[in-house]
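Alright, structures below, take your time with them.
Both of the next two complexes hold subunit A, though its partner changes from subunit B to subunit C.
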Partner chain A sequence: MSTETENPFTEGTDDIERKRTIGRVFVGVCFGSAMVGVAALVILLADVIIEAWGWLTWDFLLYPPTQSPDNFLGGIRGAGIYPAIVGSIFLIALTAVFTLFLGVGAAIYLEEYAPENRLTSFIEANIANLAGVPSIVYGLLGLAVFVRGAQLGAVLLAGALTLTLLILPIVIVSTQEALRAVPDSQRNAAYGVGATQWQVTRDVVLPRALPGIMTGTILSLSRAIGETAPLIMVGAATTMLTAPDGLMSPFSAMPMQIFDWAARPQTEFHHAAAAGIVVLLTILLLMNLCAILIRNKYDPRS
Partner chain B sequence: MSDETTGRLGGLKRTVATIAPGESRFETSNTRDANVETTDMTAEAGQSDVATTERNETESSSSGGVEMPTSDRPLGTPRVDDAVIEARDLDVFYGDTQALNEINMDIPEQGVTALIGPSGCGKSTFLRSINRMNDLIDVARVEGELYFHGKNIYDDDVDPVALRRKIGMVFQKPNPFPKSIFDNVAYGLRVQGKDDDVEEKVHTALERAALIDEVEDQLDESGLDLSGGQQQRLCIARAIATDPEVILMDEPASALDPVATSKIEDLVEELAQEYTVVIVTHNMQQAARISDKTAVFLTGGHLVEFDDTNKIFENPESDRVEDYITGKFG
Partner chain C sequence: MSTETDAPDLSGTGGGLEERMNDFTRWIFLSCALVTVLTTIGIFAVLLFGSYGFFSDVSLVEYFTGTEWYPVAHEPSFGVLPLIWGTMVVTVGSALVAIPLGTATAIYLSEYADRRVRKTLKPTLEILAGIPTIVYGFFALSFVTPVIQRFFPETGTFNALSASIVVGIMIIPMVSSLSEDAMSSVPDELRNAAYGLGATKFEVSTSVVVPAALSGIIASYILALSRAIGETMIVALAMGNSPQITTNVLEEMQTMTAFMVDIAISDASAGSVGYQSLFAVGLTLFAMTLSLNLFSMWVKSRYREEYQ
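This part shows the complex of A and B:
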């Protein structure tokens, strides 16, 4: 840098520097906020994994629970969470089928077919509100309608229908958003060559919206798989010794089993609960990973 | 230019079908004498029968067959003797705002009819009312009549989907589907159930759209990978693959660079040998270059003047049109 020429940019540098400091403080605060969330997650995961270390074995995945805590650590016979895993998977698979039909169907109707009138916007506003209703309320509804009203009893089908009601509003809203994101120019292109509304929906709108629909649905399902309160209300078992074998079979689910173990006094059961949480979180993360992969794969920009 | 046009018209033979064939009010004839000077008909536009006696008698109820009211008639020659499309007192409203005001004009068979005017004057609205794309806009409402081969397309017994199969459309922004080039062109054929010889038809359409040389070896690749100009020609291929009678184009080159634009212009002139092309453009040179007839819309959704393109550009009747064309406003 030459010293002969005078620097013409000296004016106001103090002021600029002061503003820059304020900016740095602001960024620091934002970074701190971001870290709180990350730290909480890391601590939680570490705590659970340490607690579960050594207890999460193949036997844990493949055996039913026992009353004797010794069996969980290579006792005479194995003990684990098998019936609840199967229960949860059945529950989510059924819920997925129901929500895909009901949620996506309702969203297509509301977004593509329903006339834009007061009734439609009233329905849409209510659906959005339903998304915020606490899950225990859905549990009560499931108990009243499916378990008692339809005389199903505390069976898998009743549990799945209840969870469907719980996530339906979220699936409808996210599907509507995905449909709305399909550009009108695409619809016009199809109408322009003489397609009927059904052809436009089937050939243009749905394929284009599918990644968004799948992402929203999978994320909702991963919320449902962790739900405990509605299952307690419909009377799902906390502990089942056999896996469910049909729609009308009594069932347990992973959160129920974890809740049961965590509530017991013996520390062995607490370790089993931690191992159960790791399994549940793994399934949950895998589902979310699926959602992300689908979203990236079908991203129109790629 | 009009000599050229009429000569072209006379030489072309096309089978003309109506939307509701059973209700056809006229005999379509390809033998009509197209050498009648269109300008000769201007004065007595209200009594076109006088003019049509010169021609084939069976046609007296066909082209120009729908009376045009004497009021709200634009300056120039709003009637033509071989009209495919006849708008009569056509109003379009979006909610409470009126976008088109008592439009009366005829669109002749074959050739290029250009719609020009400042933005917001209702050109796109008029174009969309020809193939009832306005039906898709909830707030849009159409009053008046629009005849296609003498049949009011706003009659209850007209299926807009069937109408759109006869009147194709190309949009302002190229809008290919995220499918292969082949599937893009084949889409119209498939939805219309015309799926015999798809391969051949797709090939022909791409050929006519002057795109085949550029995409011959990549028909399986995505239509979205093409350049903007190529995408627009792909959309044109998609529109003509099903062989409609009329092609509506809404500023098809406005999003393109000059080279791509001139390709589209050449293509439009080429297509006009076989199809009736109605093109919206805000580019007056473009209208002057490629069109045979020009309609000038001015603010408020009024059609001010309609005539042969050279008449409009050389000697318009309306001072406002003259001002607009010479760039004094707009």
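This part shows the complex of A and C:
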């Protein structure tokens, strides 16, 4: 401390200078770290697009996969992802129907009907816990209950039910938020003229909350469409030569087909996997755009 | 709530029907909510029942202390430690990537970034969280592993390092967004008090904001670890399928989840011990993630600083 009394001014400026440098280095490190995430995203997308270049053709979208990588070469039709696309669309449509019914129903109960008792808080805590269960465990549940227990077999319906249970917690929470955004004054106005809880829910709350519900549900479905592990456990086919034609039809889905191609040693198949990923990401992007458009169109704040 | 049903019906649209409709819908919606409870019961029942079959053939001691895992071999051995080891390696490895990067990103977003930067940076990082894990698995296999091989030519096609790095990238957004939420909820009074004492921005960030938000930050780490433990497709594609205990991260290892995928796509017949091991491993995995999730909630509520 004796130096300070000898020359307080230079010591002071040195100290400030040192602190400034530390501050600048720290901001640099933090900004750099944030950029690592962005860079990873850019590299990932670039890698997939480069690998897919030239392989993503109309034929790829419209034809079934082939067994030999030779078929990928030349101008003759290559392997395609058609059955998996149809499988994924069926799967997501079914899952959408189930989750809309169950998720919105459960959220309405919790927000509009439920009394504040132990059962309600148990259900809420349980939903929070379910959201943290690994998706592969839901796959085991689907395998034991739907595929074997109900003897459905590894069919579309079993896959859709499994995905429904998987995304149900997210749909419920997002729907609850949408319902909560409807002001209580509107409910009370309806109660004031003698409406029942069901009438209030049906005629006042649901119409107002619908855009929010749709946005949350589409975002949850976009998570379901990329899920692979639960489908593997349920026993969905990695490769199907024909598209599914009914609820009880065996099926493949885009992530399953991508997994199959990516896991093969031949590099030709990796290009097919990359092309499949581009298709999957495009569909995800479109679903997210839909959700954003709905939110912007109906958001009262905008 | 009983007052509502007692209230006189003024709508004049056949009160009896509407009342009955009200009760009916209440039951329908309650059953929808109970599906989530049934799901939990189902998970416990399936895992416990499936494991019961397994543990009547294999002793708990062998399962938890054995160091060799060959459940479908001709002379099978059922020591789960190699799978737990594989899972631990990828969890620790991904934490080494995600925790420093995620925390620094959160500090940048919460303390330094101006509104315009935040508005583009946050959604960009959220895209990372929305990318399907199968895509990350492909990325590990087709990009990260070849890069590692350039530096360490002895690296195999399947290795723990590549999988750990990519799982780490996947959980960065989880750490960064949950930690940022915790930091943003630290009131400005605390920051201003520190500035008033002559603290620099660096000192405010590291000595005031981070300690004040610590419970939320730690909770985000634990949740991210739980996510890494349950992650499946990246490790199934990029880490390989040989269950072994080794400290060489350039070698193949197998996690619990990768083993489950391996068995599910193979033709292990239902009822065989190899097939039943699926449920024992599933139960082990579920127990680990559930306890971490509960621990995270506990940390968050136990050590939360209340600000008014």
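Quick note on the criterion: the second predicted complex is superposed on the first by the 261 of 302 C-alpha atoms of A that agree within 3 Å, B and C clash if a C-alpha of one lies under 4 Å from a C-alpha of the other, contacts with A are read in each partner's own complex, and residues count from 1 in each chain.
The rule is simple: a residue touches a chain if its C-beta (ideal position, glycine included) is under 8 Å from a C-beta of that chain, and two chains touch if they have at least 3 such contacts.
The model shown is predicted, which means the values in this text are computed figures rather than measured ones.
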Touching partner for A:48 - first (subunit B), second (subunit C), both, neither: second
Which of subunit B and subunit C A:181 touches, first, second, both or neither: neither
Partner chain(s) touched by A:280 [first = subunit B, second = subunit C, both, neither]: second
Subunit B or subunit C, by number of subunit A residues touched: C
Which of subunit B and subunit C A:189 touches, first, second, both or neither: first
First, second, both or neither for A:199, with subunit B first and subunit C second: both
Touched partner set for A:145, first subunit B, second subunit C, both or neither: second
Subunit B and subunit C footprints on subunit A, overlapping residues: 115, 191, 193-196, 199
Subunit A residues within the subunit B interface of the complex: 115-116, 183, 185-196, 199, 203-204, 207-208, 300
Of all residues in subunit B, those that touch subunit A in their complex: 131, 133, 136, 138, 161-162, 164-165, 168-171, 173, 175-178, 187-188, 191-192, 235, 238-239, 242
Residue ranges of subunit A in contact with subunit C within the complex: 19-20, 22-23, 26-27, 29-34, 36-38, 40-41, 43-44, 47-48, 51, 101-106, 108-110, 112-115, 122-123, 126-130, 132-141, 143-145, 148, 165, 168-169, 172, 191, 193-199, 201, 222-223, 225-229, 232-233, 235, 238, 255, 258-259, 262-263, 270, 273-274, 277, 280-281, 284, 288
Subunit A-facing residues of subunit C, complex: 1, 4, 7-11, 18-19, 21-22, 25-26, 28-37, 39-40, 42-43, 46-47, 49-50, 100-105, 107-109, 112-113, 121, 124-125, 127-128, 130-139, 141-143, 169, 172-173, 176, 200-203, 205-206, 223, 226, 229-233, 236-237, 257, 260-261, 264-265, 270, 278-279, 282, 285-286, 289-290, 293-294, 297
